[in-house]
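Going by the order they are written in, the chains are A, B, C and D; count residues from 1 in each one.
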C-alpha cells in the first residue's frame, strides 16, 4: 500500500486557521452523526427462536441439529429428536458449536497478504478481492491459452451439498486443474465398487437386527457415537459383538470378543475364515449360485493358496480363534460386518476389504436385514448438484479438466507441466496441515502466482495464501445435508446473520462471476444472482423427492426426513457390477491392474531403521484439524500423546509421560509417552488432531504412500496413512 | 424421594457428550466442568480396557459442602437435589475443601463457587437433565432411590472415594468385560 | 456567571468528544478520516497554541513527544492487532477480555447491547458485528456526550445531566475494565510508532478522564 | 504463598489469642503489671486481632459479603470460627478499655481467655475433613494451639520489652517447652500421616519435599531453641535483642509452617484424578 497519510508531528501541531466543524462522518458534538450505531427502529422484544440445522462435518453421523437463537445470538444447540438416528443427542464436538462461531479470531474480512507468509495483511473490500482474482484468472487464460494453470483443492471441511458450488465456480471459468480423490476412504470404495458395483450399506439403525456383529477396524465410540447406541442395542437383544483392531479402542472395550490383529493383515484373517467356511461347507451355495460371479474361482484360490494356519501366522491370531469365529459368523444369521475406514489405509487396504466383502457374500449375508458388509452409502446423494453443474464457457481453452492426486498434492502440483499450475483456490480444506509430506506441500505453494483460500480461521494454509476470503459457518447460511452412512436428509436453515463480512461459497461464486463478466463478457457462466434458499431448493430433483417421499423440499422445514426406500442394501439382488451380480471375480478390477479375485497382497513390514508402525487414528474430540483447538475441548484434554505398549516402552527405556521423539526419514514430532496395554506391541499410536498453539502434527512424518485402490471410484488411490514406519527415542 | 444419577459404565464409551451438553446448556466457562468423564484405571477390571464413569455432583445424603458452608449457600431439596445458591455464596471455598468428589468449582470470573444442580429447573418442568438427555449411549439416568430396584447397581466403583463420608446417591453399573484375544504379535 | 460556566463546560465536553471521535475513527479503521480527526483535536487549541483544556494540553504534549507517523507498516500492524486474519494480538472486543476465554457474543456483549438499548441505540446490521467492538463503544460515548451537550444547551443549565451520568456509568462498566489491558496489549505487541503512539495517547487520555471525573 | 490471607489470618489471630491468655494469666498470677503496660499490650492484641480479621476477608471471593459467613453456626466450623473471633475481638476491645481505665478486668479476662482458646480450637476444627485425610485428625487443632502458645507469650514479652519490662527466665522456660512440644508434635504428625498410606503419605511427602520445609524447621524451632540454649548457658535472662529475635524467628517459622500446611495437603482422588 502506498503511503497515503503521513501525519508528522509538525503537520499535526500546525495551528491551522481552518476550523473543522465536523470530522468526517462523525459530525460534531452539536451535530452527531451515526456511523456504526443507529437509533433503535422498533421496540423489538428480544425473541428466542429455534432453527433446524445440520452438522456438515465429514462424519458418519451428520447430525440433525436444533439451534436456539436469542435476540439473534446462537445460545444453544441440541440434537433433533425428529431423527431416529440423532435421537436428540449430539456428540462432544457438536455441542461445542456455540463456541467456535463466536471466536474473536474468525476471519472477518477479505484480506490480502503483501508477501506470502510474511503475516503482513491488509484489509480489502470484496470488490477489490474479486477484481484482483478475476484479473489474474483472465491474465492466466490469456497467457496460457486456457485456465488449466488454475488449480482447485477442495474437500470435506463442509459437506453441505451447496458447497459443491465451489467446483461449479471453477467449471464456469473453463478447464482447470482439480485435486481429485479423497484422503479418507478410496481403497474401500473401490473394493466395494468391484464387488457390488458401488458402496452401499444398510441403514445403520438396522444394526439392532444383527445376531452377530463384527466391527472390523472401525471405532464408532469415537467416530460415530450415534451408531454405537444401535450396536449396544443389538447386544442387548442378544447379538454377539466382535471387534477386530490393533488398538483396544473404546469400541473394542464394549465387545464380547476383542481380537488384536497385526495391522494390515485383515485380508489374511478374512481369507483364512473363508477357507474354514469352505472346508466345513458352511457357505451359502444357493445364494452364491444365484447372485455371484466367480465363486468357483475364489474357492479354488482359497484351496490352493490359503490355510487357516497361514492366516494365524500372518495375523497373530490363534488358529482356534479364527476357526471358531468363522464357524460362529457363518452359522449365526443374520451376521453383519462393519468395515472401518482405518483398516483400508494400507497398501493392501482395498484387497483386504474385498476379502471381507467376500466373507459376507459366501455366507449369504448380503441384502439382508441385520446382515451386510457395511462400509458407506452414496444412495442419498442423488441431488441435482445445481450449484456444481456449470457449463464451461466457450473457447476457454484446453480440452478437459486436468486431474491431479489430492493425496500427493504438493508433488503433483510441482510436477504439472504444459501448462504449469500458477494459481490455487483452496476451500473446505487445510492441505498444509493435513496432507502428508508437509515440506513438499509448502514448496508447491511457494511456486504459485496467486493463492486464494476461503476459510473461517487462520491456519497454516491461510498463512501461505495471498488472498483470504471469510466464509460463513453452517449456522449463518442455508444448505442441505445428507450422510454417507445413515439415511436421513436434513435441511440447514440460516439461524443467525453472517458475522462480519463472511459469505457463503456460492455467494462468492456469484459475485466473482459478475466481476469476471464485467471485465470480460462471457468469461464465466456462473449465475450472478439468486437467493441462497432458492439455490438450496434447486439442489433437489424428483429422484430425491421420491426417495424421501416428499413433494417439495420445503417440507423439510418441519424436520429431517428419512429415506423411504433402499434401507437394506442390495435387497433386490440387483448389483451394479458389469455382470449385475456380486463379483468375486471382477474384470473391472483387472482393468485397474488388480488381480480379479480378492487375494492377499503382502502387507508392508517395518524395517530395522524404522521398526514401529505408527497408526494415526482419528481422535474423539476432533475431526481432522477441526474442534480439538477449541477451549471446551482443551479443558478436557490439551495434551497429545504417543501411546505405546509397556513392552515397547521397556525396550526403548521410556517411562510414562516422558517426552519421546518419533521420527522417520521425512520428519519428526516430540510427544509425551502414554504407556498403555490397549495398543499392540508392534505399533505406536498418535491421534491426529490440531492443538491450538502446539506445533505437533503427525503428518510431519507421514509419507504420501498410495493405497492399492481408489482410482476407479474417486479418481485417485487412497492414502496408506497407517503404513507409516517410524523409530522412537527418549528425548 | 431420593433423586440420584445412575452412571452406567457398562454403556459409557467416554465420548464426553454429557459434559459438553451440560456446558452447552449453561454456556459454562471453558475450564469449569460441572460434569466430568473419568477414565477408570486401565487395569481395574483384570484385563486392560478403556472404561469410564461420568460424574457430576453426587447429591449426597449427607452433603459435606452443605455442612461446611458458613453462608448457608447450599440447600438440599426434598427430592434430594443439593442446590448451590450463587447469590448467597461468599466464595470462601470451604465446600471445595469438604467435598470428597471435587464437585464444587471456583469460578474465577464471578469469584464464587458453582456446581451441578441436576438441572433442577428442567426436572421441575418434567424434562431430563441436559447430560441425561444428551448422552448418545443412554448411559446416564435419573432414578428415585426410594423407588428403584437397585439389585444391579453399586454404590461405588473402585477408585471412588469412601462413600461413608457423605453417602453419595450416585449409583453405578459396572463395566462388562469381554474376552480378549491378543496374539503373539510382539513386534 | 452561568453563561461562563456553561460555556466552559460545553467546551470541555467538545474536547472530549473530539478525542473520543479520533479514537472511534481509528478503531473503525477509517484511514481517510483520521487526518481530519487529528486536525479537529489540534484545532481545538487556542490561538497561542495553548488549549484551555488541561486534557488537550496533556494530550498535545504527549503527542509532541512521540513520533506519530503513519506508514504502510502501520496498517499491517493495525491488522495484526485488531483485524486479522490471524489470532488478534489486541482484540478490540470487550468480551475478548472479559469473557473468561475471550469469546464474543456472550453475556458480556449482551450487557453492552442492553446498555445501548436503554438509550435507544443499536448496532447497524445487528448481530453482524459484536456490539462491544471498541469503535462502537466509543461511538456510543460520543453519542452520549452529544446528547448531554444538547441538553445543557437547551436547558440553560450547567449541571451534570443524566447523559453525563450515563457516560460515567458506561465508562466505569464497559471501558475501564478492559481498555487499559487492551492498550497494554497493543504496547506489548506493537512496534510500529503509529499504533504504539495511539495506544499510549489513548491510555493516557482515559486515565485523565478517569481521574478528572473520579470514575 | 497462594493462600496468604488465610495464612496471615490464622497465624495473627492465634498469636493474638495466645497473647491474650498470656496477659490475663500474668495479670492474675503476678498482679504486678502496671496499667500503662497492660493497656499498651491489650491494645496491641486488639489491633492484631482487627488486622487478622480484616485480612481474612480478602481470602473470600466476595469480601464485602463476609458477614454472611455467620449464617451457619449449626454445622459450619467456619461460621463458628468467625463468630468466636468476632466475640474475641469485642472482648479484646473491652479488655483494653478496662485496662485503660484501670477497671476490674478479672471477669472479662477470664471470658476472653476462654473464647480465645475456643476460637483457636474452632479454627482447627475447620480443617478436620474426611476429604483431606492428612487433616482429618487432631493435627490441625494441635498446630493452631501450639502456634498460639508459642507466639502469644513471645508477643507479650516483645510488647513489654518496648516498655522496658523484662519477663525473664520464666518466658524462656515456657518458650523452650512450647517449641520442643511443637517440634515433637510436628514430627509425630509427619510420621503418622506418612505411615497412613495413600493420600496421607502423599501429603507427608509433599511436606518433606516442600521448599520451605527446612527453613520452617530452622526458623521456627531449631534456631530459636539454639538461642534459648545460648541464653541458658549464659544465664543472662534479660538480653532484650534476643527476645525480639526469638519472636521474629518464631513468627516467620509459623508463617512458613502455615503456608506449608495449606500448600501440601492433598485431597482424596476420584478414580485416581
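The rule is short, and it goes like this: contacts are C-beta pairs under 8 Å (C-beta built on N, C-alpha and C of every residue); 3 or more make two chains touch, one makes a residue touch a chain.
None of the values given here were measured: they were computed from a predicted structure.
Student: So which chain is the furthest away from subunit B, centre to centre on CA atoms?
Tutor: C
Student: Whole-Å distance, subunit B centre to subunit D centre, using C-alpha means?
Tutor: For subunit B versus subunit D, the centre distance works out to 39 Å.
Student: Can you compute the centre-to-centre distance for subunit B and subunit C, using the mean CA position of each chain? Integer Å is fine.
Tutor: 47
Student: Between subunit A and subunit D, what is the separation of their C-alpha centroids in Å?
Tutor: For subunit A versus subunit D, the centre distance works out to 65 Å.
Student: Using mean C-alpha positions as chain centres, tell me how far subunit A is from subunit C in Å, no decimals.
Tutor: 46
Student: Among the residues of subunit D, pick out those that touch two or more other chains and give their numbers.
Tutor: Where subunit D is concerned, no single residue meets two or more other chains.
Student: Among the residues of subunit B, which ones contact at least 2 other chains?
Tutor: 27, 30-31
Student: Spell out, as numbers or ranges, the residues of subunit A touching 2 or more other chains.
Tutor: If we look for residues of subunit A contacting two or more partner chains, we find 99, 631.
Student: Show me, using the given definition of touch, all chain pairs that touch one another.
Tutor: A-B, A-C, B-C, B-D
Student: In their shared complex, at which residues does subunit A touch subunit B?
Tutor: Against subunit B, the touching part of subunit A is residues 75-79, 87-92, 94-96, 98-99, 221-222, 225-226, 228-229, 232, 241, 248-262, 315-318, 321, 611-612, 620-621, 631-632, 634-636, 647-648, 676-678, 680-682.
Student: Enumerate the contact residues on subunit B facing subunit C in the complex.
Tutor: For subunit B paired with subunit C, touching residues are 27, 29-31, 108-109.
Student: Sort out for me which residues of subunit C touch subunit A in the complex.
Tutor: 10, 13-14, 17-18, 21-22, 24-25, 28-40, 42-43, 45, 47, 49, 60, 63-64, 67-73, 75-76, 79-80, 83-88, 91, 93, 95-96, 101-106, 109-110, 113, 116-117, 120-130, 133, 135-136, 139-140, 142-143, 145-147, 149-150, 153, 194
Student: Using the touch definition up top, name the residues of subunit B that touch subunit D in the complex.
Tutor: 38-41, 53, 55, 64, 66-72, 88-94, 97-102, 106, 110-113, 157, 159-162, 165
Student: For subunit B, which residues are in contact with subunit A within the complex?
Tutor: It comes out as residues 11, 13-17, 19-21, 23-25, 27, 30-33, 37, 42-43, 48-52, 133-138, 175-176, 178-187.
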